[in-house]
Amino acid sequence: GFAKVDYHRVRRKGFPEVIFGSGKTADQIVELFKRLMTQHKIILATRVSKDKAAAVRQSLPELSYDHTARILYYADKPLEPRTKGAIGILCAGTADLPVAEEAALTALAMGNRVKRFYDVGVAGIHRLFHHLEQIKQCRVLIVIAGMEGALPSVVGGLVHQPVIAVPTSVGYGAHFNGLAPLLTMLNSCSSGVTVVNIDNGFGAAYSASLINQLGEE
Amino acid sequence: GFAKVDYHRVRRKGFPEVIFGSGKTADQIVELFKRLMTQHKIILATRVSKDKAAAVRQSLPELSYDHTARILYYADKPLEPRTKGAIGILCAGTADLPVAEEAALTALAMGNRVKRFYDVGVAGIHRLFHHLEQIKQCRVLIVIAGMEGALPSVVGGLVHQPVIAVPTSVGYGAHFNGLAPLLTMLNSCSSGVTVVNIDNGFGAAYSASLINQLGEE
Amino acid sequence: GFAKVDYHRVRRKGFPEVIFGSGKTADQIVELFKRLMTQHKIILATRVSKDKAAAVRQSLPELSYDHTARILYYADKPLEPRTKGAIGILCAGTADLPVAEEAALTALAMGNRVKRFYDVGVAGIHRLFHHLEQIKQCRVLIVIAGMEGALPSVVGGLVHQPVIAVPTSVGYGAHFNGLAPLLTMLNSCSSGVTVVNIDNGFGAAYSASLINQLGEE
Amino acid sequence: GFAKVDYHRVRRKGFPEVIFGSGKTADQIVELFKRLMTQHKIILATRVSKDKAAAVRQSLPELSYDHTARILYYADKPLEPRTKGAIGILCAGTADLPVAEEAALTALAMGNRVKRFYDVGVAGIHRLFHHLEQIKQCRVLIVIAGMEGALPSVVGGLVHQPVIAVPTSVGYGAHFNGLAPLLTMLNSCSSGVTVVNIDNGFGAAYSASLINQLGEE
Amino acid sequence: GFAKVDYHRVRRKGFPEVIFGSGKTADQIVELFKRLMTQHKIILATRVSKDKAAAVRQSLPELSYDHTARILYYADKPLEPRTKGAIGILCAGTADLPVAEEAALTALAMGNRVKRFYDVGVAGIHRLFHHLEQIKQCRVLIVIAGMEGALPSVVGGLVHQPVIAVPTSVGYGAHFNGLAPLLTMLNSCSSGVTVVNIDNGFGAAYSASLINQLGEE
Amino acid sequence: GFAKVDYHRVRRKGFPEVIFGSGKTADQIVELFKRLMTQHKIILATRVSKDKAAAVRQSLPELSYDHTARILYYADKPLEPRTKGAIGILCAGTADLPVAEEAALTALAMGNRVKRFYDVGVAGIHRLFHHLEQIKQCRVLIVIAGMEGALPSVVGGLVHQPVIAVPTSVGYGAHFNGLAPLLTMLNSCSSGVTVVNIDNGFGAAYSASLINQLGEE
Amino acid sequence: GFAKVDYHRVRRKGFPEVIFGSGKTADQIVELFKRLMTQHKIILATRVSKDKAAAVRQSLPELSYDHTARILYYADKPLEPRTKGAIGILCAGTADLPVAEEAALTALAMGNRVKRFYDVGVAGIHRLFHHLEQIKQCRVLIVIAGMEGALPSVVGGLVHQPVIAVPTSVGYGAHFNGLAPLLTMLNSCSSGVTVVNIDNGFGAAYSASLINQLGEE
Amino acid sequence: GFAKVDYHRVRRKGFPEVIFGSGKTADQIVELFKRLMTQHKIILATRVSKDKAAAVRQSLPELSYDHTARILYYADKPLEPRTKGAIGILCAGTADLPVAEEAALTALAMGNRVKRFYDVGVAGIHRLFHHLEQIKQCRVLIVIAGMEGALPSVVGGLVHQPVIAVPTSVGYGAHFNGLAPLLTMLNSCSSGVTVVNIDNGFGAAYSASLINQLGEE
């Protein structure tokens, strides 16, 4: 075959290999799902466009597709949180929703309770303060922002939870497709902030899930 | 001579030519002061190092030098504000002081009342809120920040004054000597924010002064 | 809802939240207009393509759309300037018109008198000098240029008004979609020039309006 | 004073304000220590050069200085780990030691047990496998690398712990002072990896400490 | 004609001029094949899209087209390896296949035995170790990777063969279309690694073939 | 009108204003031609796509269009060289033809004799030497190259004519749309080489024409 | 020897090889002068620091050194212009003098009449207009500027001479050591402008000399 | 100890671990030599400054130091070539010598015959042709160039040997410390060229040695 599926990953990492849908054909995705479905009960494919998802589901109608998150997935039973602690997902503007939902669905698929705090960017900072107490009750936070990406610094200055910052490609001009908020977040003067790649809601949720599990034990 | 002094500038722009000290020899700065002193009552030279300032003052002991602002200047009488309205100068951290003081002294030399709000960065955002009412009483704001440069966005979301944002070279790594906060400020999601070059306290104060004068009329 | 509308903004900033149309669906824009129309008498959505505007106006036929400025807006009565002082809008070439008109319509919507001086770039600098006296009668200037972006420096050297410089993405090759004129403007050797993001006519007008109001008082 | 000390931080963030030594004078650092010592029992100043540390310690001989970590600190009693779980600190080459020790001392000062695995880079990958079982017994990992920065991806593929990756400025040419490993780490194909700024051992340890505490509860 | 075909190249370089299909019209490619076919028995055109290939084959049905490799070629007889030594081609993920196959077909067309080791990236490094003995039996290795591009460093640390590293444009965000793995590979801490342009499977195979031939003599 | 046509340019610069077609509508181009045709006998519009050209020629059928050069132009009589001296135009590969022809047609329209030497890149350097005597008989040279852009340096080392180097966007990967050959040409170790913007055949020809005229006098 | 002196260059290029002093030891420069002095009557070494020049002149006291231009040179008789036409050298600010004088001395050494117009930048554009008639009497212009580098565009819009633009490293912050004016000049909207490397006064003069000679014939 | 010496490397890679001297203290280098000398007969440390070398040799006087190559090394007997085939080392200018000699000494230490062809850059291309026959007798070529880095493309177009290109940091302005020639070499239109990091003479020689050995068998 064209791929060497990493069946062993679930034992090393605690979660099966996730299919990176971008740059794969529908046929390749079908085959990967089929192989992984022989071994796993929950399988995700990220970055799957609406059309590609439809093509894959022609062969595998048992898969579900989330339009906002652009995730195609197989789950042998409905997704339900198994943790007590929650991952808080904050985003600055409504255009960040696809990234936020990629994070939310990944987190949920990995068994985490999720709380959403969307559209709380610094242009209207009272919206953040309004939800601050709820935010502080989460165990770990994912903070997503495009434009100048200032939100993680502000949040990081106010809470003692680990913050995973996600820059998004939302912006124009000197934004350079997410470079601006990426640099902002890497240079945060608030402590406790780590960063993932531009638009990488999946990766943020994956790390947040590992962290959230630590608090369950 | 090596230079064509722009005596006419005070009539076009309202303030005499300012000497950009960096990359000029002490001798050249002496000569430029001498020529300008034949026509003007207040003359600034910015970006003058301590040693160069001392060398210039050997020939021209009537000049004053501000160590933090790195400005060497001639004034025929003590600098005093002539405006009712004030320029508020905010900076995020104590390492931004040289830029803040370059702005403050320029603003003062141009006749403006100045109010300082230093070390009010977003890592401890309550410090900003604590001074917010005073800040709102200024007519125009200069907001200076290094690291991720989030402060102008936060301030811009809270006030209706024009904000002039100044990124500084304070930071390291993916800061790229001020590129990070420069991009942050250019992409601000708050309205009413314009930007000047990295570390350009002088330019921020110059524009702020023009704006402040409009409110005097 | 997917968004937390910032109704409070008009009190903090003096103008209601403006919808950033890019990256939002027509449905989301419709809903945001509906919510904002419960409270405000003038509402703007910038960066709305012709097609998206048409889709939105199917639900909300009372909205107006400006094709050049790409702004969709609601106004309970015709837009009319309320200020004595004018914002002068200069642009270097005819390809900069969309940015210039985004600025002009924003300025007008915020109540400002607007004067246009288009196609006065430095390749034929006599065109600028021809209008210089009129330009000097404005209270604040927005100077827009693509290609090498030299116009704000030239204007800034000739006038005592605050200049807000807007680089545009008009150019090719080593222009890097606006990076070239952005750097030009940030490094201006003329004093009194501040800069906004590439193609950000809206932001330039917003700041210019704040400044223009100062002169009204 | 020139600074607004954030005494409140310990309550918001669980650890007092840490002094960023770079760009501050010895006098400023002395004053900041004095003020913070009125309230806190452990205080760190990072990025303090050997000479500046000596100057500060003339006024405050009770401070300790770690040459490799370049940290100057006050502690009312010897630093001792209070956690059961350990933070594992891995680095690729011996030139990464200053960053690794900045992380180690910060982690220790925040009460964490620390395990060091140094010089285990991918050029001799058997060195990593040799320590893998011990590495897997840590609760969270900091993985530091200069040059091409491949180590965090390799580690992230082998373990289920959260990995905080730190690019260092060790390298030359197309390394661009740490840009190369920074991009490597942001694009990691292994899941569970988040990233901090180039050479930011402090920030990595701060986040790792927050995460490690979660497992203590 | 529009082109000066380099018939002499086969004598200088050992292989005829290869047509770079990108940016040429189907008509131009037809004419170049016709001219080269007067002199050579094997001719390649790389970077030919499916549609362009079909158009060219209307005039020249004797050409073959490989969809994955995007190579259109003429061969007077079936391609068969003439070397004893093999070129090993490794790639990290399945999305790197087009680059890997461009390399494989080029290598084969130049007479080399080829061994493929695909989808052996560092996220599941056991897949690499599983094939290591076979890999070590090749004479020279081409190692292809997108995302963070760590694979060549890992391979380079384990083998004594010359490694030619090929970064691919597979990735997103701070990947910058292949810049991230390109920098990774240029900064490899493993010795014996040289690098070609992003996605340049052809160039890697060309050099690998020259090297492989040295071992045949 | 939307534009201030610079009728005066022919007197200042010796050639009428040239229309930059990119980013203008067909209607705007029609109007500009109409206005310029009231005063000038030869008028060029560069960067006009095939479709836009067709639309313009519906209103102005007297215009000519060159498909390769993408130039739409008006000439009251057939273009004929008026100079004794020739401009030599060299290009490295066949994909550089559009830029080469943009230069050739501009040069011709400005009255220059033109000699073409196409597809003489350094991969087969004998092709250059083969034409060297003819190249040396030109008065000024335009040397165009994509990929690594080495040709101007090689030519510049062999001739005493002024060389105007034009980098093209032909390439991929670490070419960055022409940045690679642009830097190559700016750093040429051969003397007598100046550079214009990526793909700027027009600008190269304009300067070459000014230089060529000097030799006519 | 360590070098292969290119004695043949004077025949190919019309001027002997010029020594690039930067990165060579004084001993190497001495040897190169000695070898070149066996064949040529005028020899230049550029980028020679004051100290290195002194060291070289210990062995070769017949050499002259220009402190501003940083050129060390041998001339068998005093430098005198041999051309009727002049090269005009303009610079924007006084900090650009070293580059301007590198150009002036190179031009003179190659036999050209030189006219200097220094400190005529766009911040005080009347200074340029004041000298415009004299500038127009030159045959070719070198226009040098740091900061935003707008001067060549303005000059290029006013004259019909070929303009060679030289960006300088004079500036700070978003100037990036000359990148800002380099991009400005490459994107000039004025025709007839070509560009050389940052601070390359030598290269500009070399090309200007070739052009000036054309007018002599 | 601070380091995990990779004694095993000689078996995996055929040559012992090489010490990267930059960023290590003299003490660390002494210790590494001592440990490696227990097992190996030839040991290199690259990037060792003159002063650091002297300090190390105080403890280990049996080491040799090459000033141009900046390599400190231990060899139990004089270095002598063991191969029949030679590595040809070409460089463009005399300022590239340190990189060329780093390559030469590394190659020699690894047992290779070395032939040097220095100062054969494209500004005087006849120097290259003069040595072409000798160059063609080598088995593999290292081609080193700063400035625009065109030499590897020219050489690659003329020979059938594998070419390893090394960009150097020799240049200024838009050279960006070697970025310009690095991009040139990565985009080479000549086949058979691979690239190593800027100034990486060591890495080029290492790969060249692996390749040269293949021809010995």
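We call the chains A, B, C, D, E, F, G and H, going by the order they appear; numbering starts again at 1 in every chain.
Just so we're on the same page, contacts are C-beta pairs under 8 Å (C-beta built on N, C-alpha and C of every residue); 3 or more make two chains touch, one makes a residue touch a chain.
Remember, it's a predicted structure, so these values are computed and weren't measured experimentally.
Separation of chain B from chain F in touch steps, taking the shortest path, is 2. Checking A-E, C-G or F-G against A-B, more than half of the residue-numbered contact pairs recur only at C-G.
The chain pair A-C and the chain pair E-H differ in C-beta contact count, and the higher one is E-H. Once the centre of each chain is set as its mean CA position, chain D and chain H turn out to be 35 Å apart.
Inter-chain centre distance (chain F to chain H, centres taken as mean C-alpha positions): 42 Å.
Contact with two or more other chains is made by residues 93, 123-124, 157-158, 173-175, 179, 182, 186-187, 191, 197 of chain G.
Screening every pair of chains for touch gives A-B, A-C, A-D, A-E, B-C, B-D, B-G, C-F, C-G, D-E, D-H, E-F, E-H, F-G, F-H, G-H.
The touching residues of chain G, when paired with chain B in their complex, are 93-95, 97, 118-120, 123-124, 126-127, 170, 172-175. Within the complex, the chain D residues that touch chain E are 92-93, 121-125, 147-150, 153-154, 156-158, 171, 173-176, 179-181, 183-191. Remark: chain C residues 12-15, 18, 139-140, 157-162, 164, 182, 186-187, 191-197, 203-204, 206-207, 210-211, 214-215, 217 touch chain B in the complex. Note for the complex: chain G touches chain H at residues 2-4, 6, 8-9, 17, 20, 22-24, 28, 47, 167, 169, 177-179, 182, 197-200.
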